[in-house]
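Working notes, beginning with the structure itself.
Chain IDs A, B, C and D follow the sequence of writing; residue 1 opens each chain.
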Amino acid sequence: MIPIYSKIIEVIEETPSTRTFLFDVEFSDALPGQFAMVWVHGVDEVPMGISYKNGVTVQKVGDATSRMFELSEGDFMGLRGPFGNGFTLPSPNEKILIIAGGVGSAPLAPLAEEAKNIGADVDIFLGSRCRDELLFRDRFNKTGNLLIATDDGSEGKCGFVTDLLLDVDLGEYHRIHVCGPEIMMYRVFRILQDKNIHENAEFSMHRYFKCGIGVCGACCMDKLGLRVCRDGPVFNGKLLEDSEFGQYARGPTGGKYKF
Amino acid sequence: MIPIYSKIIEVIEETPSTRTFLFDVEFSDALPGQFAMVWVHGVDEVPMGISYKNGVTVQKVGDATSRMFELSEGDFMGLRGPFGNGFTLPSPNEKILIIAGGVGSAPLAPLAEEAKNIGADVDIFLGSRCRDELLFRDRFNKTGNLLIATDDGSEGKCGFVTDLLLDVDLGEYHRIHVCGPEIMMYRVFRILQDKNIHENAEFSMHRYFKCGIGVCGACCMDKLGLRVCRDGPVFNGKLLEDSEFGQYARGPTGGKYKF
Amino acid sequence: MNNMKVAGVNLKNPVILASGIMGTTGASLSRMAQSGAGGIVTKSIGPRPKKGHKNPSMVKLDFGYLNAMGLPNPSYSEFSEELRIAVEKSDVPVIASIFGGNAEEFVEVAEGLMGESPAAFELNVSCPHAEGYGASIGVDSCLVEAITAAVCHVVDVPVWVKLTPNVTDIVSVGQAAVDAGASAIVAINTVRGMAIDIYSGYPVLGNRFGGLSGDAIRPIAVKCVYDLYAALDVPIIGVGGISKWEDAIEMIMAGASAVEVGSAVYESINVLGDIARGIDTFLEDAGYSSVEEIVGLTHRRI
Amino acid sequence: MNNMKVAGVNLKNPVILASGIMGTTGASLSRMAQSGAGGIVTKSIGPRPKKGHKNPSMVKLDFGYLNAMGLPNPSYSEFSEELRIAVEKSDVPVIASIFGGNAEEFVEVAEGLMGESPAAFELNVSCPHAEGYGASIGVDSCLVEAITAAVCHVVDVPVWVKLTPNVTDIVSVGQAAVDAGASAIVAINTVRGMAIDIYSGYPVLGNRFGGLSGDAIRPIAVKCVYDLYAALDVPIIGVGGISKWEDAIEMIMAGASAVEVGSAVYESINVLGDIARGIDTFLEDAGYSSVEEIVGLTHRRI
């Protein structure tokens, strides 16, 4: 499968640092949590969570994402996917908690919507640096009970999204779905592990992807050698016990760097 | 499709010069008149009409066929097919004539049987050098009215199978199906063409096959460039008008030889 | 589609019948011309009659084809009549593919067919399974140069040289041909390959090994064409694994001025015309004005 | 399946993980060992950290895969820990694949990894898309000979040399490696290839071109192995397009003493074990007593 040449039909400025690109091509069978490889011709191809059936939501951080931010309606990118495994969907009447930090909202907003459709009860903890950077606040608002935390206190609780966890009975949730910066996810993991309920949680991991299709091994995590691109990116907390999660990761050379 | 390694489950001595090889592999969807490529490992691969769903009937003429005659039950050959286009099947109550010369009976016996099954009225003219060489006499006998001619007069009419044509009203037949030595088929063709009913007849042609799958062009007939292996081997008489039929053919080099 | 001139030949469209496909008789060649080809290449013809290898001579695999015909041909003296018929009965240019064991034999064959006015000669120095011919010669730049020069010297039509991918550096062989006067480089012939029937243990081809064609070799051909286009100043004719118009466009963007189609005739006798029409539609839909506009386009996408 | 000794290495079964597949970390390598491989080869490791090419670095085509990773690796000094883990955590031999730009660099890397006790070294002189490395070296018999000799001189385990098919004569390169002391020849690395996205005009790989693997190259690999087996006196390890046990048997009959499997891991992480079991069943059903019995069988079918 070579990337599909896809026309940008709309660019939405979601927050000062993130934009959604909608395409004339749909991943109609994508499950919440799956990702696409997004090819910026002549620059690079990078993984992005599928935030809409026909879109991805991008934070500008480097070469490829900066070039994307120069593109507008009518321009093209290459898309392939959906890849990887998505989040476990709830059953009707189950109660789930979604914990999103920063651009981690991208794969979680479709989950929240799908969960609501199914008839599940959805709580969302959404965190970001500041009020303006709260991604998909409206989408989350429509699907469940939204609690907010911002680093600078410009909205909701002042502090990290993890702080919101202290006030609730986490044992109430059938499942907890987490995506955001690794440090944040790891804090959540530790809190859940302390209560021995990390098995009820799913974390959407980020690692450096080369092939993106489960062959090269670039994205493998210690100690099980799990491929984030193929066995993940969503992993049950149980699988992340005693792993490199929160400790270190590998970059393009395969060399390690610490968090 | 590479040849299927096929075990010989029975060898039947049909006449002094022909043997049927039955295999543990079936061309279950083969139509009467289609052929298989039969691979004699280490020797050659040659075309053979499919005379039984799981068999071919072979006349010993050269390298490959001689080697086949050394093989017996439990030995193996490679088979691929069915290839080419078969004979047009009659409708119930149609009346057809089958004209078979020598090993030309191989693809025609299944046609006679199928025609009878369908409920058509089948006449067969069967010719050979002598009584012993009458191939599939019993099969034909069971499917319709069989008339015989032998070169030496040891059975039936003394002379060529074409002589049998003189005594019947050929216009009666919805379709006439012919297979045998080219000279014999061409005589039939001329007789039918004189009566302008060659369009009711089908001839199963032999030419030198290389690829056997319609690519190389080795088996093409003038002047239309028809591929015997793919457009044929069965051709309507109309297509053979003004062709090389009965005049010349091409051998392995592509060079012509005359009949 | 408008006529187009490529390497001295006026093609009806950029989709040419590859050598060795339906190329044995004048009638089969003109049938292919009528079925939509923009030009047709004959079976490779040599100095003496040759029966070719034993069967199986071609098998279809799931992802391509293997063949080892072994350059069967009746020699130029008998083939000239077929060539005459092909030229007479086709409204597209007929390119005579020829082979020999050395420059003298190539010249002998070219001179022997010259009288039938082929639009060009295509020198087969690339068939991978005919000892002493084809790729046995085409791996040696010096031989390729000498043979190309010798044929160019005696014929008054363009000379195309068809290369094998089974070399360390296809560009240097192409350069040798161009230096010697080739008007175009045709790339690629089949890739050396082999398949085994594991139940009998025998190689599947009568010749034991042969040449791989079809889908499997398209990425190899595209890369060869890409490299040749970057290095050489003559048109490149792209061959190898083209069975759809998309494949033809890919080859053209890599640098091919026209393409040849071989094994895909297995899928349909009309495949060349279908591809030519598909190219037209693509050009129109994408707003390109001609094939020329996209020749080598990928070299400009950086 | 019984253990078997091939080229100085005690394999658990004849199906080895190819280099560059799940080969970046000790954990991923030992995962593959547990999933049924008879031996495992690491990602190719070089003298200095290397990021590799930009993405897309691998695409699946209908009939194979194209990749251009560009030899990403953290250098031997950082990789030695991964190798240590792979050796410790795997119950099958771990073969260290290494590369460099010249004999000195190869020696530096080999010495740097020697302490972790790999079962053998595999010299990558065959990667088609890393300028100055891999096939840039592997097309030159003299360089291959010098590098092989230099590595053999400093290590006390078997040295396997992995060849590129993109040469005029793979046998002469193989012979050079054997003359220099190689214990086995591994054939083949990927075949140079390229694909173009016709809608954007861009080559599909970040590196523009790369190496073809998977089904498409099996007939090419089988022919290389067949020729190498006929000419050389060391075991041949067959690689290229093996995804089913039938493919492995084909390669073994062509002359391979063992096989390596790469891209097919795309289809299933357990594919190596599946192939190994399939080989066993085939041998039993066909009445062969061991893999050895059918190594090169096709050479005896005449």
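Convention: a residue touches a chain if its C-beta (ideal position, glycine included) is under 8 Å from a C-beta of that chain, and two chains touch if they have at least 3 such contacts.
This one's a predicted model, so the numbers in the text were calculated from it and none came from an experiment.
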When chain D is withheld from the analysis and all other chains remain in place, what is the resulting partition into connected groups?
-> one piece
Set of chains adjacent to chain A and to chain B | C, D
Among the chains, which has its CA centre at the largest distance from chain D's?
-> B
Gap in Å, rounded to a whole number, between the CA centres of chain D and chain C = 33
Centroid spacing, where centroids are CA-atom means, of chain A and chain C in whole angstrom = 51
When centres are defined as mean Cα positions, the distance from chain B to chain C in whole Å is 36
What residues in chain C touch two or more of the other chains?
-> 61, 195, 199-200, 202, 301
For chain B, residue numbers touching 2 or more other chains are 41-42
Report the topology of the inter-chain touch graph, choosing from line, ring, star, complete and other.
-> other
All pairs of touching chains?
-> A-C, A-D, B-C, B-D, C-D
Of all residues in chain D, which touch chain B in the complex?
-> 301-302
Counting only contacts in the complex, chain A reaches chain C at residues 41-42
For chain D, which residues are in contact with chain A within the complex?
-> 20-32, 43, 49-52, 54-61, 65, 67, 69, 72-75, 78-79, 82, 195, 197, 199-200, 202, 204, 206, 262-263, 265-266, 269
Along chain C, where are the residues that touch chain D in the complex?
-> 61-64, 66, 139, 166-169, 191-196, 198-203, 209, 212, 215-220, 222-223, 226, 246, 249-250, 253-254, 282, 286, 294, 297-298, 300-301
Mind pulling up the chain B residues that touch chain C in the complex?
-> 1-3, 5, 37, 39, 41-46, 76, 78, 80, 209-218, 220-225, 227, 250-256
